[in-house]
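Structures incoming, each one as structure tokens.
What follows is chain A paired twice: with chain B in the first complex and chain C in the second.
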Partner chain A sequence: MAKLNVNPTRMELSKLNKQLGIATRGHKLLKDKQDELMRQFIVLIKRNRELRMEVEKELEQSFKNFFLASATMAPEMLEESISFPKESISVHLSRKNVMGVHVPVMEMKRKMEGDEGSIYPYGCAQTPSELDDAIAKLNETIPKLLELAEVEKACQLLADEIEKTRRRVNALEYRTIPDLEETIKYIRMKLDESERSTITRLMKVKDIIDR
Partner chain B sequence: MDRLDFTQGVVRTRVLEKKLLTFGTLERLIDAGTMDEAMKILKETDYGSSFSLLTENNDFETILFAELKRSFQIMDDVSPDSSIVNLLRLKYDYHNLKVLLKEIILDKDFSHLYLPIGTMDIKQIKTFILNENLQDVDPPVRAAIVEVLTDYKITRDPQRIGIILDRLYIYHFLKIIEAIKSPLFIEYAKAMIDFINVRTLIRVKRQKKDRKFLEEVLLSKGNIEKEKFLHSFTDSIDQIIRNFRNEKIAKGLIPALQSYKETNRFEDFEKEMDNYLIKLIREAKHIHFGPEPIFAYLLAKETEMKNLRIILVSKANEIPPQMVRKRMRESYV
Partner chain C sequence: MRVMYKIAVIGDKHSILAFKALGIDVFAPTDAMDARKTVDRLAKEGYAIIFITEKLASFIPDTIRRYDQLYKPAVILIPNSQGTLNLGMERISEYAEKAVGTKLL
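Entry: the complex of A and B
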């Protein structure tokens, strides 16, 4: 800990006192923010874990179906049947404010909403039916996958913000506030000291005059 | 077509049939511990000659394709009439056609998806289409191209490209078969159409499409009337089993439907369908004068490759042998 390089004057003292007040208040506020961020973060992380497990399980299932389909037809034929999608999907992006952090909100827009069969872009005669299962499964997984992306990004952003806040809290707690306190103490002592020396000098002068 | 013309061809085919993978070899392949082991076993068989084409380890698709190409070439040589071999090449022609039309409509490059074992020169057809001059294209193919392109202009639905070409493929196939006048071929094609239609019926129900769509994708010219499928559209699976109990293909179809009912999956359905068709075509073993053995050999080869692909894909994905065994198709020999 080091005292700041300032002149020990009354002016500085009141200035530092004011700074200390602000720093303490800021510290308290940031600490509150950190706690709340932490709470939100833990909720999100839990959801993230759940989603990831679900999505991974579903994707595994879907890939298994794809593998079954690929085992019964030439790879070129498989790729041909899905090379020209019938449905087009877009993602609408907006953002949400969580404790001052802008996290993304994603929303899927299907062009052919309501037409359940629109996800299969091929005819039935030459394709194995496992392909249907694989694609249906993928279609089910997509909204979850999108939510996972959303939650995961939010977690990342929150984690960054928590780190930043923690840095600030620590800097205030262990650096700025002790420094200020020490400097104030130093100035106060310096001022006291000079006051005492003035009094002594006055008493001495008075003594000389009286003699 | 004179059946006696095929005498020599049939004899040569019989010799080639001996080289098809035996049950024992397939079993050994299934039980092979790793992909490398399986490839080693495969190298000892008739497939060994294609191993020199391998550029990277264990790329079995290269071998399978080379072998398919080789089988077609041999049969071209063996068969005195090209229409038999071309009949089986037709599937690849229509596949190429689908790729070509999607390529043209999307203006993308799908050249890696072509399977160069068809009868048509697809590059030439592409130039014809781009120049809007289809006069020199084979009439059924020309009709197919025109139908797909006009339909796409109106509906803008890529699924219909597949549907229309699948349908035209089957009809083209049937037309050639009718010209050959072999009862076995006709029975084969009709059984195939019936099986596909039953599968389509269930798939359309699962895809939650409507009756109109079903009417669109059903194939006509099978043994079972199209109407019967449309009537079964709202029926439960039990009712469907009852509906088709007395059909010609019931022997294969009913177990297939039963297994679908139990598992709610098509895995066994497709296996039963392939098995039924290969059993049907085994009839060709007793025919000594005629085109049937040549057709049967190529189908047997395709089934063999299907089995090989199931085994090798499973090996690559570390699927246990008993699961693989369950999915194996019956082989011709």
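Entry: the complex of A and C
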């Protein structure tokens, strides 16, 4: 550990002591922040993993159905039947503060056009039932997909913040605080040394005068 | 006023057409360059969530990563009709690794 480049004076000593106090307190606070972030992160990432697994499975099923549907229909027909959706989905974002990290909270809004009840934007006469299945399945998956988006975004943001906090904690713990401690020790020794040399000098002078 | 944001899905046409039936905007870029442009454009246009198929995302990892630290939009990987490439799961391990500082398992 390198000591800081300062003059060994009492002034510097008290200044460094104050700095050390602040650094120690900051380190403790950041450490607490990191621990809490980590705790939240672990809960989130577990949820993220579960959700992703479920969503991937459900999507696959839906895609499979859709694939079957597209095999039994002419591509133009397929496109035509679904290209004018009856509903529109939008999300509302609000912020949630998790230990100083702003995490989005997503809220889904679905808007239906015309009659409620049916999600299919086509008549059933000319489309295979696989298409209905695919779309119904996908429709059920959407809320989960949204939750996945929310959780995954939160995970990304938290991971980033945890990394930053960890760097800060480590910088304080392994660099700033030891440096300060070493410098303080150095100044103390230097001051003690000069005090001793003053005393011996005085003794010597007294000796000379007395003789 | 509550500001509403839109959702987009990017991927190959066969995989994502189904989303269209539910009123989600779909985009089917033809190559990596086009995909990158689409993602950037959608991010700028105020889409809150962009789902992108893993296949397409594997061509433009840097672009995807750029939005990781931003509050909006959330770029989320989904499998395509050929199944999952496991990229999404790998990304979850990546976050964990970033947070913990060492590789888990």
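Here is the rule we use: the second predicted complex is superposed on the first by the 205 of 211 C-alpha atoms of A that agree within 3 Å, B and C clash if a C-alpha of one lies under 4 Å from a C-alpha of the other, contacts with A are read in each partner's own complex, and residues count from 1 in each chain.
Here is the rule we use: a residue touches a chain if its C-beta (ideal position, glycine included) is under 8 Å from a C-beta of that chain, and two chains touch if they have at least 3 such contacts.
Computed from a predicted structure; not experimentally measured.
Peer 1: So, on chain A, is it clash or fit between chain B and chain C?
Peer 2: With chain A aligned, chain B clears chain C, so fit.
Peer 1: Thinking of the overlay built on chain A, is A:Ser88 touched by chain B (first), by chain C (second), by both, or by neither?
Peer 2: second
Peer 1: Answer with first, second, both or neither: which of chain B and chain C does A:Ala171 touch in the superposed model?
Peer 2: The answer is neither, since A:Ala171 touches no partner chain.
Peer 1: Given the superposition on chain A, what is the angle at the CA centre of chain A with arms to the CA centres of chain B and chain C, as a multiple of 10 degrees?
Peer 2: 20
Peer 1: Would you sort A:Glu80 into first (chain B), second (chain C), both or neither based on which partner it touches?
Peer 2: The first partner, chain B, only.
Peer 1: After lining up the shared chain so the two structures overlap, which partner does A:Met38 touch, if you call chain B first and chain C second: first, second, both or neither?
Peer 2: Only chain C is touched by A:Met38; chain B is not.
Peer 1: After superposition on the shared chain, which partner residues are touched by A:Leu68: those of chain B (first), chain C (second), both, or neither?
Peer 2: So A:Leu68 only meets chain B here.
Peer 1: Scan A:Asp133 for contacts with chain B and chain C and give back first, second, both or neither.
Peer 2: Touch partner of A:Asp133: chain B, not chain C.
Peer 1: Hey, is it chain B or chain C that touches more of chain A?
Peer 2: Between chain B and chain C, C touches the greater number of residues in chain A.
Peer 1: Touching A:Leu157, do we find chain B (first), chain C (second), both, or neither?
Peer 2: In the superposed model, A:Leu157 contacts chain C only, not chain B.
Peer 1: With both complexes superposed on chain A, which partner does A:Leu20 reach: first (chain B), second (chain C), both or neither?
Peer 2: Neither partner.
Peer 1: Just how close are chain B and chain C at their nearest CA atoms in the overlay, in Å?
Peer 2: So the smallest C-alpha gap separating chain B from chain C comes to 7 Å.
Peer 1: Shared contact residues on chain A, chain B side and chain C side combined as an intersection?
Peer 2: In chain A, residues 67, 70, 79, 83, 85-86, 120-121 are touched by chain B and also by chain C.
Peer 1: Considering only the defined contacts, which chain B positions touch chain A in the complex?
Peer 2: Within the complex, chain B touches chain A at residues 61, 65, 91, 95, 98-99, 102, 105-106, 110, 112-115, 157-159, 161-167, 169-170, 196, 199-200, 202-204, 206-209, 213, 217, 219, 265-267, 269-270, 306, 309-310, 313-314, 317, 327.
Peer 1: Inside the complex, what are the residues of chain A that reach chain B?
Peer 2: It comes out as residues 67-68, 70-72, 74-77, 79-81, 83-86, 116-117, 120-130, 132-133, 136.
Peer 1: Tell me, which parts of chain C touch chain A in their complex?
Peer 2: Contact set of chain C toward chain A: 2-7, 14-15, 17-24, 48-49, 51, 68-69, 71-72, 74, 76, 78-81, 83-84, 88-89, 92, 95-96, 98-101.
Peer 1: Provide the residue numbers of chain A that touch chain C in the complex, in ascending order.
Peer 2: 38, 41, 45, 48-49, 52, 55-56, 59-60, 62-64, 66-67, 70, 78-79, 82-83, 85-93, 95, 102, 104, 106, 109-111, 119-121, 134-135, 138-139, 142, 145-146, 148-150, 152-153, 155-160, 162-163, 166
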